[in-house]
Every structure is written in structure tokens, then in C-alpha cells.
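Paired with subunit B in one complex and with subunit C in the other, subunit A is shared by the two complexes that follow.
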Partner chain A sequence: MPKVDRLHLPDDRYYDPQEHLWVKIEDGIARVGLDQLGSRAAGTISHVDLHRAGKRIARIGAAFGTLEANKFVGALRAPIRGAIVEVNPRVLDDPRLVHQDPYGEGWLVRIAPSSLDEDLARLVHGAAAIVRYVTEKIAEYKSRGILPEDAGPTEVVVLH
Partner chain B sequence: MTDTWRYLQSDGESAAAGLAGDEFLLGAADGPALRLYTYRSHCALVGKFQNLEAEVDVEFCRESGIAVNRRPTGGGAILMGADQLGIAVVHSAAAAGVPEHPKEIFARYGGAILAGLERLGVRGSLEAKNDVRVNGRKIAGLGVCRGEDQRFLFHTSLLVDLDVDLMLRVLKIPAEKISDKLRARVADNLTTVRRELGRPIALGDVREAVRAGFAATGHAPFERLDFAPAELAGVRRIEEEKYRQDSWIRRRTPTPDATGASLRKTPAGLLRLYLSLAGERIKDVTITGDFLCEESAVLALEKSLSRLPAEPAAIEATVARHRESLGGIATADLVGAILEAVAEARKASSQGGSYGCFVDAR
Partner chain C sequence: MASSPEVLRTSTAAALSLRLQPGRFSRDVELGGINVLLDYERGCHANCAYCGLARERPGAYDDKSFIRVDWPSYPTDRIVEQMAKHESRMGRFCISQVVHQRTHADTLDVIRRYRAKTRTPISVLCAPPVLSRERLQEYKDAGVDMIGVGLDAVTERTFERRRGRAVNGGLQWKKYWEVIDLSREIFGPWKVNCHVVVGLGDTDREYLEFVDRVTRREILAYLFCFYPEPDSAMAGARRPSLFRWRRIQLLKHLLERRRITLDDVAYDARGAVVAARLPHAVVEQAIEGGVAFMTDGCPDEPTGLVSCTRPFGSYRPSEPFRDYPFPPTAEDRCHIRRQLRIKRWVTPASPRGEREPSEEARCPR
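Moving on to the complex of A and B:
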């Protein structure tokens, strides 16, 4: 198992390195959430607002919701196209779930994809690529002051 | 950073017009803009995800002619008027050398504000990620919002002066917490430009210093271009369609910190309840579900529960008073759901005690 500390990333999903969102395909439906590096870099997430089920996502990068963390309010930008079929009501009530259980109870939306293969092709997948993505981003974020130089994550654990 | 910056300046903006102006700039596909403006005294602006009624004494504001509205940026409620300088920066992270991550945006433009204050002889620092403080006292709160594209709005309220008593009256702070001690603590935890200088200074002079601070940190040259008539029509449209609409101003969001929720299946239907606590009192309640009942009856009950002691006897008595108008929902179910949410909120209440952007009652 490739190892570099305490950031966990399951290898059964695809990652958007810009938005720090993960995508997991389950019976043809894409479950989407924020990865652990994204939630660490954002700071304390205090609010999550998600578009309703039925909302179409016509292009990659279209907003499927909004989050607030440390007085920053930003759009959650979709990593794949399709239509939202379900939103997670629990994160609306308790956004801390995004930090506490990013790959489980803290998921955000489920999307019925419209161009799955094409959209997945631009995402990061596979243990080696995941480690590379996160390791490079940690180094970049430390150099930019987004993560502290001396206290940021130093090791990546890819979960099989 | 060699782009020409659009510079806008105005005073006495209404709450809706001030916010709509920022949003117009954010939506425009132009280069960078700096807008330094004041609101008409006074208006209370809550953060994007706050519940207006839970944060601001709306009735007092109405009686006092204080406008209320909602910002697109996050953070706590603020009181704005002729002595608070609104600083708005609109830029695109897609442009070369422009910060992209919120922490970088706060650092970059917070630094420009610090440079402006320093020109007045006020030496501050950027603390707690997004506060500008002078000797540990907060003088400005910063916020950022970004939509689907790379354009963002950085917004700040800089205290040139502040009527602390009015702010405490506007914010919905439980009566038992309002005291001389709290007032003294709040006054001690924040500061203003005039207080730091120990002399009167015109807001216009502070504005000039802030503008110079931006220029000195590489955010220049400026071209003064206030809203043209055609643009003003666009601003008015945003004002009418958003910032004058109750659907925006009074938008309800479950407040997660110190908030409890409960979900109960009752014979009359599903009952979902969100509740927040302020100390030992209920701050705000939102009752939803698929039970049949007049919306006005639910709103009336929510209003009666607001500021009520979070004790079973008081809650039971209040619900009982509304019983006749609540259709088939049994009093016991409703009381049970409220108490369940109270219990959950108490668990989370260790984070409570913060009122607005400048008041920490803990």
C-alpha cells in the first residue's frame, strides 16, 4: 500500500484536484463529497447549502451548492455533469460531518451522470496518481501559506 | 498587478443599493474594482447563512428606521452607517498574480487595509485568519464570496467609529446577558480609527488612506468610474430582484452551531424541527414537515417560542396556547420534538455566545 501520514484517501473513487471533490460510482450513480485535503485547507466548515434534487448540471464547474468556511462563501463546483438525484440532508443540519466523516456520512450529493466516461477521464484515479495529487498539493499549499509549514499533513494514506 | 483598477466611491447607500452595487461589480466581466462607500445610518446586515430574526432585533430595527438585509458574504451581523467604511474588492483569480485561495485573498487585501491604516498612524495586524486588529482589538471584519467562476468579492466593514450601545440594541442578545459588564467588554474588545487616533477624523480622510494603502501595495493605478446610468439600471434590477425580496432577506437556514434538530413521525405527519439556543433561551425555531396546518399558525408559534426559556414548563405552556391553530399535531409531539432539539443544541452550545461580527459574550 503506497504511503506518504494522516490524510486518508480511498482508492475506490475519483478526485478533482482543483475542487478537492471525490466521486464514487455506485450502480451508475455518482456520489460526491469533499476530500480530506479540501476540508483541511478550507478550515472549519460552518454551513453547507445544496441545490435540490432534480437540478441539472449542464457543465463541469457548475455550482451544485455553496459552503461557508472561515467567512469564505464559495460555490461547490461540480466535477461531473448530470442531474442531482439526492442531497445529503444530514450535512445541511450538521456540516461538521464533512470534516468528521468526509468519505461516509459527510457526502454531499448523488448525481445521475450524463457523460460519465468523458468526465471521469479528467479526474485523478488509482493509488499512485492519488498519492501524487495529494503530495503535490500539500507541498504547494504549504508554500503558499494555505496549510501551515510546520503543522500540515505530512503523510498520505490511500485506503484500499 | 498592472491592471487599471476601477475605483468607485459613494455615501449614504441604502442597504439594498449598497449590496446590489457590489453584486453588480461581481457579475460584470470587467477587470479589478475597488469600491469604498458608506451606508445610510443605519442598517443591519447579516451574513449569508444567518437567520435574520435570530441575529437581529427586527422589531427594534423597524421601530428605529434601521434597514435590515443579508450579505452575500459569510460571517456575523454588522451595523453599518456613516461611520463605518464599506470596502469592496472585486477581482478574478484567473488573472495573473491574483490570489485564488480564500486565505490568500484575506492576506492580500487585508494587507492593503493595514497599509492604509498605517498611513494614519494606526498599526494593526491580520489575526484569527480574517480579522484586522489593533493591539488585539478588532477594527474590521473581512469576508469573501465566490460564485461559479473565478471572480470573487472581498468585503470589509472598517470601524471609523461605532455606537456600541446601538449595536448591542440591534443585535439579538438575550436580555439577561446585556449588562454594563458586557458593554464594557465589547467596547474593550473592539476599536475604531477615531479611538486609536484619539482625535476626530473625517471618514473621507480614512477612505483616502485606505485607497492609498491599496495603491501602495500594488493595487493601482485607479480610474474613478462610478456607476454609469446604464449600470445603475443593472444595480437597480439586482436590488429589486434580490435585495428587496423577503425570500433573500428573511431566508431561513438551519443554524448549525449550537443548533439542535429533531425529526418525529406523528399521526398527523412528519415533523422536522430546527432550533438554536442563546444561553438558556431559545433563539430561533423553524418548524417544517408534511402535516396539515396554516403556515401563519406555525409562524406564530415560532415567534412565541423565540426568546423563551428553554425549559419544559415554559415550552409546554406556549405550545398549549397555540394548540387550537395547529391542526392535528398533538401538543405532546410538538413539545417532545422541541425538547429533543433543545437537548441536542445544548450539546453543541459550548460554541455559543457570539453575537454579530464584533460581540463575543463568552
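Moving on to the complex of A and C:
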């Protein structure tokens, strides 16, 4: 019987399905990180580079850093507008945190949002929408060979 | 713990291409050349100064990186199954040996399992210390069509310093050449290749003289660019500059195709290229063709194009390409032109009256 793979996604945050970034609002500040599917799809992450605190993000999709895996490098593109108020120094020193604790110690930046309601409206939120987003992406990534095609079913676990 | 022939290690790139591991390639590179490595608990008995698998490199053998990345271990039959399943996009299967007493028997075992399921060509990147004429012949009889020899150094001086007595490595220059000679005899012209690593201590002159020498014998030279493995004896050594690397790539390509001779290249007292007299059209053709700057490696069938492209093998994905795993695009060729700095060292031997377009005209900023 094939092993069931589990992907965890907490439902207390918003997700950008294109960039695999999550946004969690804490006292008006948005904490941003990579979701578990994004960290798997990248491969083994070896380096994370982040713009400094103070950097303004004028548009959604603006790069705020890069993420590099053994065979892949890509820009980290902001899911919301605002200004970076803090970057996670631990993840710069130890990029493996993005894999090991994607929703905790592996966070990337904190952003003071400038148009929060408008930006959150375009992100995925709520258990049903999260499951739909991840399920569709898994199917796409299996067909593109980014996820092993015969790794068995993937169970999407939404954490409440 | 399982070892070969029941398990093999694959390169990270091969694991991605075989859909054994999640992950992706930058620029959507497609890889059809699958590299596997025999796997033993105690690892390789050699101790090469630059190698991630060196006997004296700290750490458990299973955790050691090799050529910059991890080499995960999988059951041999699973790898063979995936090769068969994806046969239409596979170009070659290469078994890398390590210096170990079971290497020969296990190589044959893996070849037989593989041949029972797929027809994709097989190379063996051999470990000369464990080989003989009879053993090489057995590989050929079992279906191997190409033999690689990881010579890595092009002079006995550098070989001894990096792989031989100086590092207590136990490898012998003479034995490596004996296996190259035997392989050439058994496998025929253009079926034997020598891997050489730029940056181990040989000079430009020595690399180019080596390329010229083996090409005359219808043996292939495959260039690799040195990348320092953390914790290896050469962890602190510098990589060759892009300028040096590109220059060697270009001159090697032109020498192999007999577009120039060694007499067209001038060196300083330390053996570094300082000038070359090259027809303008020949240089242009090489840059625009792009092959000179692509990965050297064994070809697939029937196209004859390089299958073993080792994407991001000797450079990080965030760094400039060292060898391109695909034909360089127009934008890539502009980077190559800048890295080559042709005007600094090439004396054009253009036909009278031919005008060269400026760099700016070719690569607008």
C-alpha cells in the first residue's frame, strides 16, 4: 500500500497560490513565509537571501529576496504591499528552517502593510479554499514532474 | 545497511529527472543523462584532495556531498524501473564506480538488471585501480558502449599532488593511463573519454596540450570546472575565473575541431594563455554555435547530442553558468562574449577588409 504523504497548512493565515507564500496578520503586521508545498517543490533549499528591513514594496509581486535550492533559484515575490520591518536572521543562517518549520521558525519577513484589506482579498483563505488550492497544485506538480508522480496519495491536512 | 548492487546513489539532478525526489530545475532544464554511483558503507578507498567522497573527508559517507550536492540512495531496481518508465526522455545511464573490491562484480550486476528492462545506452565511469583488460571487455560484452576515466589531472605532477602519494590517496597515474589505453583498444574511437577538472593545478598550456594529444588518439576530453567541496582538502582553493574557464572552453573546442593548432596560442612563463591568433569568423561561429560552452558529456542515441549535461553541477543556480546544460540563448551568448573578453587576448586573423561588428552592436545593454 503506498505511503500517504501529508502536507500541513494552518488555516489561521492567507496563502498566495502562485508563490506558495503564507501571510499571517499579527498586531497589524504581516508575517510572511513559504508554505510546505512551496518548500517541497523547490527542492532542498540551500540559500535564502532577503532584502533589508526598511525596503518598500510598492506592488504585489515585487521581489523581496531569492530562494535557492540545489538546482533551482527563484525570486521571492511579495504577496502584499507595504514595507519590510524585519527579516528573519535565523533563516538566513540556516535555510533548512524553511523545510523544518515552515510556519514557525522558518518565517521570512515581517511587512507593515499599506493596503492590507485589498491585498488579502486576492489571497486564499479558509479550510475549503486551502484544500482546493493545494490539491490543484499537487496535481499540476505531479504532471510536471516537480513532485514524484508515484509517491502515493497526498493528504492535505488543514491545521485549525 | 544496504549497499550496491542492491542500492545505488543518484545525483540530485538524476533523482529529480527520474521523479524520485521533489524539486525543480531553474530554466526548466530537461536532463536525460542519469548518473548513478555505486554505494558502499565504507565508501571510496581513495582520498582525492578535491573529492567530496574522499576517505579522510570528515563525516559519515552517506552524508557526504559529491560534486556540490547530495547523492541520495535508492534501491537499484527502483531506479531501473524509473529509467524504463521514462525511457522516451532518457538519453544515457552512467554507472560511476568507486575504488572498492566489489566494484567490478556489482557493476556487472547493475548492468544486467538495467539491460533487462531498457535499451538506453550505458556508460561506465570507471575506477582504474580495480580494472583489467578482461574486466573492460566484460563491460563491453554486457552492453556498455562508452568508458569514462576520471583522470581529473592532466599532468602526473598534479595527479600525484591531488590524488596520489601527496594525499595518501594510493592512485597511480600509470595505472590510469593503462586503463585509458586498454579502453581505447577495446571500445574504439570516440568511445573513451577522460574527465579533466580545470582548477586542480595544471596550467592552460597543459590543458590544451592534453586536449590536442587525446584528440589525435580519437579519445574525448570532458572538461569539468573545479568547485571546492566543503571540508575537503581543497575546500579553501579558488575556482578558476570565468575568464580563464571560458578561454579554455573556446580553445579546446577549436582544437578538437582542428580549426586551430597549438601554435596559434601563446602563453606566459606560468603557462597561462596570453594571446591567440584566431580567424574572426571561426571565433564568431564558435560563440554563436554555443556548443563550446555547453557541458561536455556522453551523447544519447540517435541524436548524438550531449545527454550528460549535469545542470548546475559545478556552479550554484544563482551563479553564472560554467557549462550550459542546453544551447545558450542569444542572451546567454552575450554573457559569454563579455566573459571571454576576446579583444584582450585574441589577435584576429580576419580576411583583409572584413569588418568586425562591435560588442555593443551584438549585445545591446
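Everything that follows uses one rule, which is that the second predicted complex is superposed on the first by the 153 of 160 C-alpha atoms of A that agree within 3 Å, B and C clash if a C-alpha of one lies under 4 Å from a C-alpha of the other, contacts with A are read in each partner's own complex, and residues count from 1 in each chain.
In this text, a residue touches a chain if its C-beta (ideal position, glycine included) is under 8 Å from a C-beta of that chain, and two chains touch if they have at least 3 such contacts.
This one's a predicted model, so the numbers in the text were calculated from it and none came from an experiment.
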Once the two structures are overlaid on subunit A, check if subunit B and subunit C clash or fit side by side. clash
So, A:G28: does it touch subunit B (first), subunit C (second), both, or neither? neither
Determine, for the superposed model, which of the two partners subunit B and subunit C contacts more residues of subunit A. B
Please indicate which partner A:N70 is in contact with in the superposed arrangement: first for subunit B, second for subunit C, both, or neither. both
Considering only touches as defined above, state whether A:G61 meets subunit B (first), subunit C (second), both or neither. first
Quick check on the superposed pair: does A:P148 touch subunit B, subunit C, both, or neither? Answer first, second, both or neither. second
Contact-wise, after the overlay, does A:G43 reach subunit B, subunit C, both or neither (first, second, both, neither)? both
Only subunit C stretch among 98-106, 134-142, 224-232 or 260-268 with CA clashes against subunit B is 224-232
Set of subunit A residues, in rising order, touched by both subunit B and subunit C: 41-43, 46-47, 66, 68-74, 141, 145-146
Along subunit A, where are the residues that touch subunit C in the complex? 40-44, 46-47, 66, 68-74, 141, 145-150
What part of subunit B is in contact with subunit A in the complex they form? 47-49, 72-75, 101-107, 129-130, 141-148, 253-254, 256-257, 259, 261, 274
Interface with subunit A, subunit C side, in the complex: residues 12-13, 16-17, 19-26, 29, 68-70, 311-312, 316-318
Which bits of subunit A are touching subunit B when the two form their complex? 41-43, 46-47, 49, 61-63, 66, 68-75, 77, 92-96, 141, 144-146
